[in-house]
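Shared chain: chain A. Partners: chain B in the first complex, chain C in the second.
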Partner chain A sequence: MPKLTINGKEIEVPAGTNLIEAARRVGVEIPHYCYHPGLSIAGQCRLCMVDIEKAPRPTIACNTQAVDGMVVWTETDRVKETRRSVMEFHLINHPLDCPVCDQAGECWLQIYYMKHGLYDPRMTDEKVHKPKAVPLGPHVMLDAERCILCSRCVRFCDEITRTGELGIFNRGDHSQIGLFPGTELANKYSANVVDICPVGALTDRDFRFQVRVWYLDSTKSICPGCARGCNIEVHTNRRRPHHAEGRRVARLKPRPNPDVNGWWICDAGRYGYGAVDDKSRLLAPSRREGGAVTDATWDEAIAAVAGVLARVAPDEVGVVASPQMANEDLFALRRVLERRGIRRVGFRVPPRAPGDEDDFLIRADKHPNSLGASLLGLDGDVAAILAAARAGQVKCLWVFGHDLLASGWPETDVDRALQATELVVFTGPNANATSERAQWVLPAAAWVERDGTYTNCAGRVQRFRQAADPLGRALPEWDILGRVLVALGAPAAPPRAERWFGELATAVPAFAGLSYRSIGDVGQPTATGAA
Partner chain B sequence: MTGERILMRNFDLPDSHTLAVYRKAGGYAAWEKARAMEPAAITEEVKQSNLRGLGGAGFPTGTKWSFIPKGHTGPVYLVINADEGEPGTFKDRYLLERDPHALIEGMLIAARAIRSSLGFVYIRGEYIEPWRRFSEAVREAYEAGYLGQGFDVVVHRGAGAYICGEETGLISSLEGKKGWPKVKPPFPAIKGAFGMPTIVNNVETISHVPHIIARGGAWFASLGTKTQGGTRMFSVSGRVTRPGVYEASVAITLRQLIDDLAGGVSGNGRLKAVVPGGSSAPILRADEVDVTMDVDGLRNAGTMAGSAGVVVMDETVSIPEALMVVARFYAHESCGQCTPCRESTGWIYKMVHRIVDGHGRKEDLDTILDVAKRGAGTTICAFYDGAVGPYISYIEKFRNEFEELIAK
Partner chain C sequence: MRVLQRFYLIEVMSGVALTAAHFFRNMSGHVRHSLGQKGARGAVTIQYPEERRPYSPRLRSLHRLVQREDGSPRCVACMMCETVCPAHCIYIVATEHPNPEIEKMPARFDIDVGKCVFCGYCVEACPEDAIRMDTGILEFASYSRRGMVYTKEALLALQPAGPDGRPQSTIPIPADREP
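== the complex of A and B ==
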């Protein structure tokens, strides 16, 4: 491992580490545009210049690997002058339209100009004009005038998705990003180019003009869109509720995790948060009697559901848990089942159409916690429960989240099962055809409205955090189930998700030794690993 | 000072481009000799000859060959740069048209030295006739069994971008990509075309190789200066009596070249300035032409030998207008990859254009000089440094002409 000195600080780095990454390790930030750790080296922006002792002139840090004994200086007068020059070159043809640019506030031209530029502009001639507001695909809008031609987006489409839709056309200061004829930027990961675009050239058609980025809060989370469990940030708009038509979740952004998703997420996951602020959200516990639906208090709802569970023989209760539920919820459910000796439980409901999958991030299993549900021992046969219901053997059916009527099973079969069941209870964040059939509906908080953990397809337990308050009177499932547990006679239930996880880790060997603290931001493998 | 013609010795023979005439003039004898030599001995001979790259950079050829990694077992490629695009340069087209077999023979020898079994010849797209002649020569060489017996040649035509004459831009283009120069390291000799060790040499450089092998490195070295052997072909254009290509020792002075070979400044004109090595070479004033034309001689004079494209200007030439033409060229040809080059070539052209148009401002000249100096040395390839040569030298040496335009 080469040992080098950066700004007087000695550091040892793995062979092959470039100077940008080596400097990062000693807390030195080398400004750069074209370099991205997930992409090949382009060496084009020329901003990451550093001085290396014995080199005749500043060198780009991105394409320089750390060598034993190397002495690097990142803040010499010469380096600072070069940076200032390169910043000037980057900006002479830039439209400087920050007030109307969506990137403002998170734009690396702004940030680096303030840090490393601060020159007096000398460019007085007409700037080069290029196409503006060009849709590249369903999610991405191009403003070629703002583009600094770092080629990150081109390399992303060449190297990560290998779809190659983008190229740089023309030469010199007329160079511009564009689509190859006959293509559109519609690959399954297309919007990642917006994230890696350091400027306002590529903006998100879903997000642009909705809310200024400085009004957003960021919360670490996990994408619930499939079993991969990509690490994400949830950006919420609490401070400008009148913007973006009241959407609280403004956007999702990938959060780097080399063990899970690298720097990327798929478009399906990125735009899959619509249900959170959807009209279908269930806002209050409700009871259906005859054709009438009336809201109830939580106390009434819990008492009613617990009363049924206490009254009905355990063999006559069926539970369809959901792999959308967090480990904490599923463990709370297990406690309820154990207390009553209920054995008819499962969570796998076949989708009507098989989920798409690829060899990169997207998994066919569109649930974030199937493995967690399985490790918690809830992997029973749901089809058998429904068959028993049709045979009149189930008096109470508690469905979590699923729309059984929209599943891969014949609708008539499901319908008959629901018909034949005396009491259907539904718990989930959103209404669906199945919830419409329930006598009791217990509204659950959406994943962004609560804390919890998912166990991804590789057996990695990952935390997601509360980014917004639950809508209406919705509660996290662990809370609903904890209340039921108490109503069934348990002395108390854990008051927070973290405490539920603590109990889970004590009780379930696969989770032994794990805690919220040890899981941290990047997750931790279960003891058993992948199932 | 004209001496013996080596590269051009066959140019006046009828059908000099044919195999029959080439062989009759002693062609392919050097290849027969080289076949019996160890590869390292060939490289050694070329090192002794002090042959330096004649495409522009002037790098010692034998040294370049010796950069091929010793333990490498996969393919090694020999790439001939026939993209001759430097404004004021037109020597390689003569070699391709009039003595294409000299290049093929040189390639055979060079390929043996670097253990390459496949060579590419990247010919400038506009060079239709040179391409036809050379392709025909390749066909003849295959028929005669020179090619296809352990060494093959692929002829590739460029599409007209100046940057594709830069060695790594050429490699990118050859690979089917946009002709963007590559970040170095890795250098082509380590990882070049298609990821394999690659030597890129100019047409004229390789055309010298048969003579070096036939007559010895020491002989070749004796033709030039201490640090550069042999002759080279000078493309002389502009206000001279007899423009054209002249072969002479690299030790010839610029004045001898203009006066003795090209017949002096044409008409009644008086010499004003000379660009000695293609458009990227800093300009020389009339009082600076007593300089030898070898790589180091011109470097010491603050300019460069480049591709030996000599552009002669007399008193009727407006230097600001000349710079505008040059600046337009660099703005048009910048590949657009590196920010300093992409942005400032266009900016500087706008400023020079404005000055020539009579809308110059007094701060423009200092801005151009400052911008040029700030960008110099900050880019992937030498293109921008080549543009900076004229930007700075034209203004610094003829500042009064620019100031007069601005004052108007």
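== the complex of A and C ==
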């Protein structure tokens, strides 16, 4: 392992580490545009110049590997002057339209100009004009004038998606990013180019003009779109509710995790949060009697549901859990089932159309916690429960989240099962055809409105955190089930998701030794690993 | 408190004497002035609202939105004023401008004058010189809080004050008030 000195600090790094990464380890930030740890090295932007002793001139740090005995200085006068000149070059034809640019506030041109530029512009000629507001595909908007030609987006399409839609066309100061003729930037990961674009050249059409980025709060979370469990940040707008028509979740951004998703997420996951602020959200517990729906208090709803569970024989209760529920919810459900000795439980409901899958991130299983649900022993036969319901053997059916009427099973079969059941209880964040048939609807908080953990397809337990308050009177499922548990005579239920997880880790061997602290930001594998 | 001040009536009488002295001094000044004695002057009263003192050209009065040549707002909805506003009284919603050279414009631009503290930070922050506080309008009142909200259309219709500092445009009548 080469040992080198950066700004007087000695550090040992693995062979092949470049100087930007080595400097990052000693807490020295070398400014750069074109270098991205997930992509190949281009050496386009020339901003990451550093002084290396015995080298005649400043050298780019991104394409220089650490060598034993190397002495690097990143803040000499010569390096500072070089950076300032490179910044001046980058901004020569920049339109400086920050007021209308969505990147303003998180733009590396703004950040580096304030940190390393601060020169008096000498550009007196007319700037080169290029196309503005050009849609490249369904999600990405190009402003060629703002581009600094770092080629990150081109390399992303060449190396990560291998679709190669983008290229740099023309020469000199007429160079610009563009699509190859007849193509469209419509691959399944296209919006990642917006994240890696260091300037405002590529912006998100979905997020365009919705909220200014400095109004957003960021919360670490996990994408619930499929079994991969990509690490994400949820950006919420709490300060300006009149923006984006009052939607609280403004956008999702990938959060780097080399063990799960690298730096990327798919477009389906990125734009899959619409249900959170949707009209279909269930806001209050409600009771349906003879076609009339009336709102109820939580105490009434819990007492009614627990009363039925206590009255009906355990064999006459069917529970359809959901792999959209967190580990904590599923464990609380297991406690309720154990208390009453209910054995008819399952969570796998076949989708009407098979899920989309590829060999990178997207998984066919569109639920974030299928593995968690089976590790908790809830993997029963839902089809058999519905068959028993049709035969009149189920008096109470508790459905979590699923729309059974829109599943892969014939609608008439499900319809007959629901009809033959005396009491249908529905718990979930959004209304659907099944919740319309339920006698009791218990509204659940959406995943951004609560804490919890998912177990992804590789057996990695990952935490998501509360980014917003629950809408209306919705509660997290663990809270609903904990209240039912107390109503069924249990002494007490844990008051927080973290405490539920503590009980889960003690009770289930696969989760032994795990805690919210040990899971941290990047997750931790379960004891049994992949299933 | 001195002993004399403790006697209520003595203090009241001295107050009446002071007021009466001013009254007669002013009256004699005005009478002598109107009789042709130019050096004599009484206290000056301005007959507001028919008469007004000239305003300072730097006065911060009711906001207006500056128009482009085609009448559309010069504002590009960058949210600088909304961000800097200490009273949080500006509400902007952005939308696409048909011209990609301009790109962005406000679909909604409301100022809640009832909350505004007239600090002028919005004018300072604006990169497009799209908002100014030079209408010379200081009289705005309403029977409801909703009536204190001035919309984009109302703010665009306002004109700058004339060279004498007088408002050029009529004082806008909020929606809830009968003219």
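Of note:
FYI, the second predicted complex is superposed on the first by the 531 of 531 C-alpha atoms of A that agree within 3 Å, B and C clash if a C-alpha of one lies under 4 Å from a C-alpha of the other, contacts with A are read in each partner's own complex, and residues count from 1 in each chain.
Assume a contact is a pair of C-beta atoms (placed from the backbone, for glycine too) under 8 Å apart; a residue touches a chain by one contact, two chains touch by 3 or more.
Computed from a predicted structure; not experimentally measured.
Of the two partner chains placed by superposition, only chain C is touched by A:243; chain B is not.
After overlaying the two complexes on the shared chain, residue contacts for A:168 are found with chain B alone; chain C is out of touch. Measured by the number of chain A residues touched, the leading partner among chain B and chain C is B. In the superposition on chain A, contact of A:517 is made with neither chain B nor chain C. Residue ranges on chain A touching chain C, taken from their complex, read 97-100, 104, 131-133, 208-210, 212, 214-215, 240, 242-243. Interface residues of chain A, counted against chain B in their complex, comprise 41-47, 49, 57-58, 60, 63, 81-82, 85-86, 88-90, 92-93, 122-126, 128, 148-149, 167-168, 170-175. Within the complex, the chain C residues that touch chain A are 76-80, 82-83, 91, 93-96, 100-104, 108, 127-128. Per the touch definition, chain B reaches chain A in the complex via residues 161, 163, 178, 183, 185, 331-340, 342-347, 350-351, 354, 361, 363, 367, 371, 374-375, 377-380.
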